[in-house]
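You will see chain A twice below: alongside chain B first, and alongside chain C after that.
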Partner chain A sequence: MDTGLFIQVILSGLSVGAIYALVAVGFGVVFNATGAINFVQGEYVMVGGLSAGMLYEAWDVPVLVAILVAIALTTLLGVLTEMGLLGFGRLRTPASITIATIAIAVVVKGAAMLISNRDTFALPSLLGPGSLQVLGASTSRQTLLNLLLAVLAVAALTLFFQRTKLGTTLRAAASDSETLQTFGVSYRTTARWAFAIAAAVGALAGAGLAPLTVMSFDSGTLLGLKGFAAAMLGGLGNPRGALAGGLMLGVAEAVMSGYGAAAYADVVAFVVLLAILTLRPTGMLGTSRAVRT
Partner chain B sequence: MRKKIPTLLTCSALLALSACGLGSSGSDGGSDDTITIGTLFSVSGSGANLGDKMRKGAALAVKQVNADGGIDGRTIDWVFYDPAGDTSTAVQQTNRMLDSDGVELVVGGGGSSGIALAMDPITSSRGVAFIATEGARQIVEPAEDHPLTFKTTFNDTVMVEKLIEFWQANDITRVAFMPDTSSFGQSAQEELERLAPEAGIEVSTAAFDPAANDLTPQVKRLAGNDPQAYLAWTITPAGVTFLKNVRSVLGDDVMVMHGFGFVDERYMTQAGAASKGTLLVSPKLPVWDEIDKSDEQQPVMEDFAAAYADEYDGEQPNVYAGQAYDAMMVAVEALRATGGDPDGEKVADAIEALGTHVGVTGAFKFTADDHSGLSVDDVAVIRWDGSRFMPAK
Partner chain C sequence: MMSRLAGPARTMSRRATWELWITLGLLVVLPMLAATDYALHIWTRMAIFLILLTGLNFIQGVAGMTSLAQAGFFGLGAYAAGIATVRHDVPPVLALALAPVLVTLVALLIGVLSMRLKEIYFTMATLGAGFVLYLLFGRMVELTGGPNGLVGIPPFSVGGVEFTEPIMKYGLAAVLAAIGAIAAHNLLVSRTGRALRAYGASEPAALAVGASPFRLRLLAFGLSGFYAGVAGALEAFDSRFVSPSTFDFMTAVLLVVALVVSGAGRMIGPILGALLLTGIEVFAADYADYEPLIMGIVFLVAVQLFPRGVAGELAARREDRRERAKRSADLAADVAVDAPTTLKAVQR
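Now for the complex of A and B:
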């Protein structure tokens, strides 16, 4: 067996998997607060990566500044998503919110197409070019950064949901928003926080992904679906599950690319999604909480 | 209930309006002072970037022809639709163009081979000539089954022949090939695996998904065969990832190549240091100012590049804009030859009788058997030197 190839496959899987994990975390945050699946999540990744790339190219700002501004812009988009769905749209049920997010995703993608003039945008790595050599395999330095970001984001969000008042409120909102409102907590406020956090995490994923490839208005949709598969795999709403699910999905795809038919690498995510929905709908690390009606 | 009435009224008013809109969409085709040409390019959806360049190329041709007095005094009435990369939408739009817009000749097949292949039976069954700007050779081959359909792009067969010629001249016998899984990549794989062994070149292939974000497993796997050159075949941004990944895994000394779908300065710049030295098989357009002045194509390319930059705020045309411009110009030349008669068979005969049409993409020689018209002589091997394309040695 070729160890170099094996290590390469694992590194490749972790590199892409870290991005999937961040996307999956975003799905979890909104799900926890509203019970809905936010299909704008993939577009947050696109907006984060694309706007960072555009800022970097158009104004020649330092990479870090471009990334921070992009995260701020995307977070604002998250808040706007909430305002559109719950404010303007007055939606309250998870099913109606979920369906409306699909419409918002289409609008965001279309707007990004016009603003970016259909061009692709790149972003250099914060750690500079050059690659890491590991046991006969090689990977971009960005891979390391992405893994670190994914782990830190998951740790931070886990602490946030378990230890802070706002985090507890967000979880309570998912579990019984009506009772929560009788305590004087606004459903809108909790939901707005959730969308803002999800968008920020999505933008982080986009900024991590852009140096590995290039971003276009079209980059988000498939990532969103794969992040959703990762979230389902790990257990929707559980940040640690999202990390595990994302990395596993990334490695599974890389194994398919390295040893199997690469043409089917993209199918892996959806086969995983189907299998998990059939066999264990709550995911590997999900609680056995049933779907509320 | 009361509240619903205005809504209902508004809805029905809107419906009525849209119905009117559909019915009245220009049916002035065939009038004495215009010729109606219909075009589909995907200026939205995935591949929108390429579609936009194609639209600009075709629009420039229309503008030039009309400003120049049109075709025997008749101006081109240009009907444009955007199928957004979706084949079923494109089929509806093609039918609408021919049924209600009075389109007499079709130029441009949606910017994707799949769409062009779906449009061909529709235009053919109406006896309308169709000049595609898409790559797949099946759009026009075999010519006897596509008597009214032409295209102004290279067949991948021609590109593969040029590659083999280049490899043989450089003593390269082992090649790693990475096509994407689209019909563009798969068709090239078929041709390369058919033609390379006869030429004594050993090809190892690993395909990749166009949406992939990391191709290092494939690169590493192919490296096991110790190839002398790595060739990718895609039009998607994944080609940037390919460049970065090959350099990351194998260093700077290995020969890296791309097919003609990736001839794009923007992609090259975005790959940063990883793209320097990349070799590409390409039409001559990107190096028009570096080729021999005696080349008959040189002045055509120069004029096109200048007019395009003038029309679009200094933007440089790419090969996709060139193909679309050529397609429109071939249609115009043929219509001039028929005296403005758009009848499909007459136009097709005229295109086959054009002799050599020196275009931006190459010197087209359409015949009854060859509806693509380009040959190995029209292909250049070019090299990205870090800031621009140059002819490769």
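Now for the complex of A and C:
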């Protein structure tokens, strides 16, 4: 076997896998706070990447500024998502919230299609265009940045959930939201924070993805679903599990496309999703939450 | 059998029978209202949607589990019928009979793997299964024609008679949709159907009386696959062309939302949902660019206004009123019965 090619494949897998990991983290945060699966998660990535790309390409905004503005915009979208879901006071069960997130995802995608006029946008890498040499294989510098982003985001969120008051509140909401409400903590406030964090992490993923591939209004759906597969693989709601699941999924896909079956690379995520749900639905690092009836 | 049913079960089965008659009536009346070639084409689409949603209603409405695999099953039926007739010269009648069998087997396989999961995880498993099917339609280029689609599907034919006239296509789809609706009705009011429904309402209660949720749900999922297979084969012979985009994630979502908004679990749900989907299709042709945005907003509003579906919401409100009336009557009776005792206690 050609080791150069092998390392190349692994590196490109890690690069995309880091993005999946960030998406998976977002799913986990909202799931913990509401018990629902947030189908808008993939659209946050699209909005983050697309708006950063538009700001940079169409309005000549410096890359870093474009990324920060895009993250701010997407975080706002996260807050709006919460308002659209829970602001009417009628949706309470995770299943009905999940269905409503699909509707919001369709709205966001439809609006992005009109705003972007179906054009595609991209970003340059923050570390410049050069490539890195690793063990005889070359990879873009963005690979390094994405891995760093994913690890830092997971570390920061872990610290946030363990060490801050708000983080502890969010964890409490995950384990027993009703008891928490008797302590005077509003369900909606915790939910709003969860959606805002999920959206910000999603936008970060978008900014990391835009230098690797062009972004368009329909980049989000498939990405979101793959991120969900990664979340399930690692254990939904567990940030470290999300990191592990994302990287593994990215590498598995890269191996699939690197060794002859590129057409079927997209199938990997869904086969993984089916397999993990069948064999170990709590995921590799998940706790023993009841997932079977 | 029917006479042994009492109370709510009898009301339910009577209501289901009424709703079946409305469904069958619409299948007869609609083509009389507009019978141009274009209109008949639209009604044929509606009949195909009706079959799809009647199938989805078993798992979504009756068993109470959201399946996002219905679009994939629909596609599998269409591709099975298309590939059999185009690549292997199978007679269309045989293809129409075999496609649902294949889809049922695939549905049962997926069901065996995922049916023990809790609702939301089951939904994600069906999403995964539907997506694998959708991706395979586009990627197995040799077999399916890939993203460009499968062309040259012959029209449906029986004994040398080709179903090319719009009225014949509609007749075929409508007859199958009617048979499907009648079969669904009979199952729904049967013992099995009531057991299945019990899981939608309360799983612990069903377990307590010793029924097996796994086998009943598997039955519901298999049936949803069978109906999707019939609808898929009809779709292939109607359009005579199939391409992956017809069976994407959006279609899976649309089917679920249309059924939920119309009233999942009710006999009337599928026909209302089918009319809604047909309306969307006609409307979408005119406003292609704004379609996703408007559709998303409409769905969000619908889900917010009718979390239990239009039919379900109306029924729930009626029941609420009845419940409240009954409760105040009970309260009045209690007060009347208790009054002498209370009086004595006070006097003492």
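The rule we apply is simple: the second predicted complex is superposed on the first by the 287 of 293 C-alpha atoms of A that agree within 3 Å, B and C clash if a C-alpha of one lies under 4 Å from a C-alpha of the other, contacts with A are read in each partner's own complex, and residues count from 1 in each chain.
Everything that follows uses one rule, which is that a contact is a pair of C-beta atoms (placed from the backbone, for glycine too) under 8 Å apart; a residue touches a chain by one contact, two chains touch by 3 or more.
No experiment lies behind these values; they were computed from the predicted model shown.
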item	value
Contacts of A:A72 with chain B and chain C, given as first, second, both or neither	neither
Touching partner for A:P281 - first (chain B), second (chain C), both, neither	second
Touching partner for A:M232 - first (chain B), second (chain C), both, neither	second
Partner chain in contact with A:L159 - chain B first, chain C second, else both or neither	neither
First (chain B), second (chain C), both or neither touched by A:S96	second
Contacts of A:A58 with chain B and chain C, given as first, second, both or neither	neither
Which of chain B and chain C A:D266 touches, first, second, both or neither	both
Partner chain in contact with A:V107 - chain B first, chain C second, else both or neither	second
Interface residues of chain A shared between complexes with chain B and chain C	110, 113, 263, 266
For the chain C and chain A complex, residues of the former touching the latter	66, 110, 113-114, 116-121, 123-125, 127-129, 131-132, 135-136, 139, 141, 203, 213, 249-250, 253, 256-257, 260, 289-297, 299-300, 303-305, 307
Contact footprint of chain B on chain A as seen in their complex	2, 4-5, 8-9, 11-12, 15-16, 19, 110, 113, 117-122, 124, 129, 131, 137-140, 209, 212-214, 216-219, 222, 254-255, 257-259, 261-263, 265-266
Residues of chain B that touch chain A when the two form their complex	43-46, 48-49, 52, 181, 206-209, 211-218, 220-221, 224, 237-238, 240-241, 244, 248-249, 266-267, 269-273
Touch list for chain A against partner chain C, complex	35-37, 84, 88, 90-91, 94-96, 98-100, 102-111, 113-114, 221, 225, 228-229, 232, 263-264, 266-267, 270-271, 273-274, 277-278, 281, 290-293
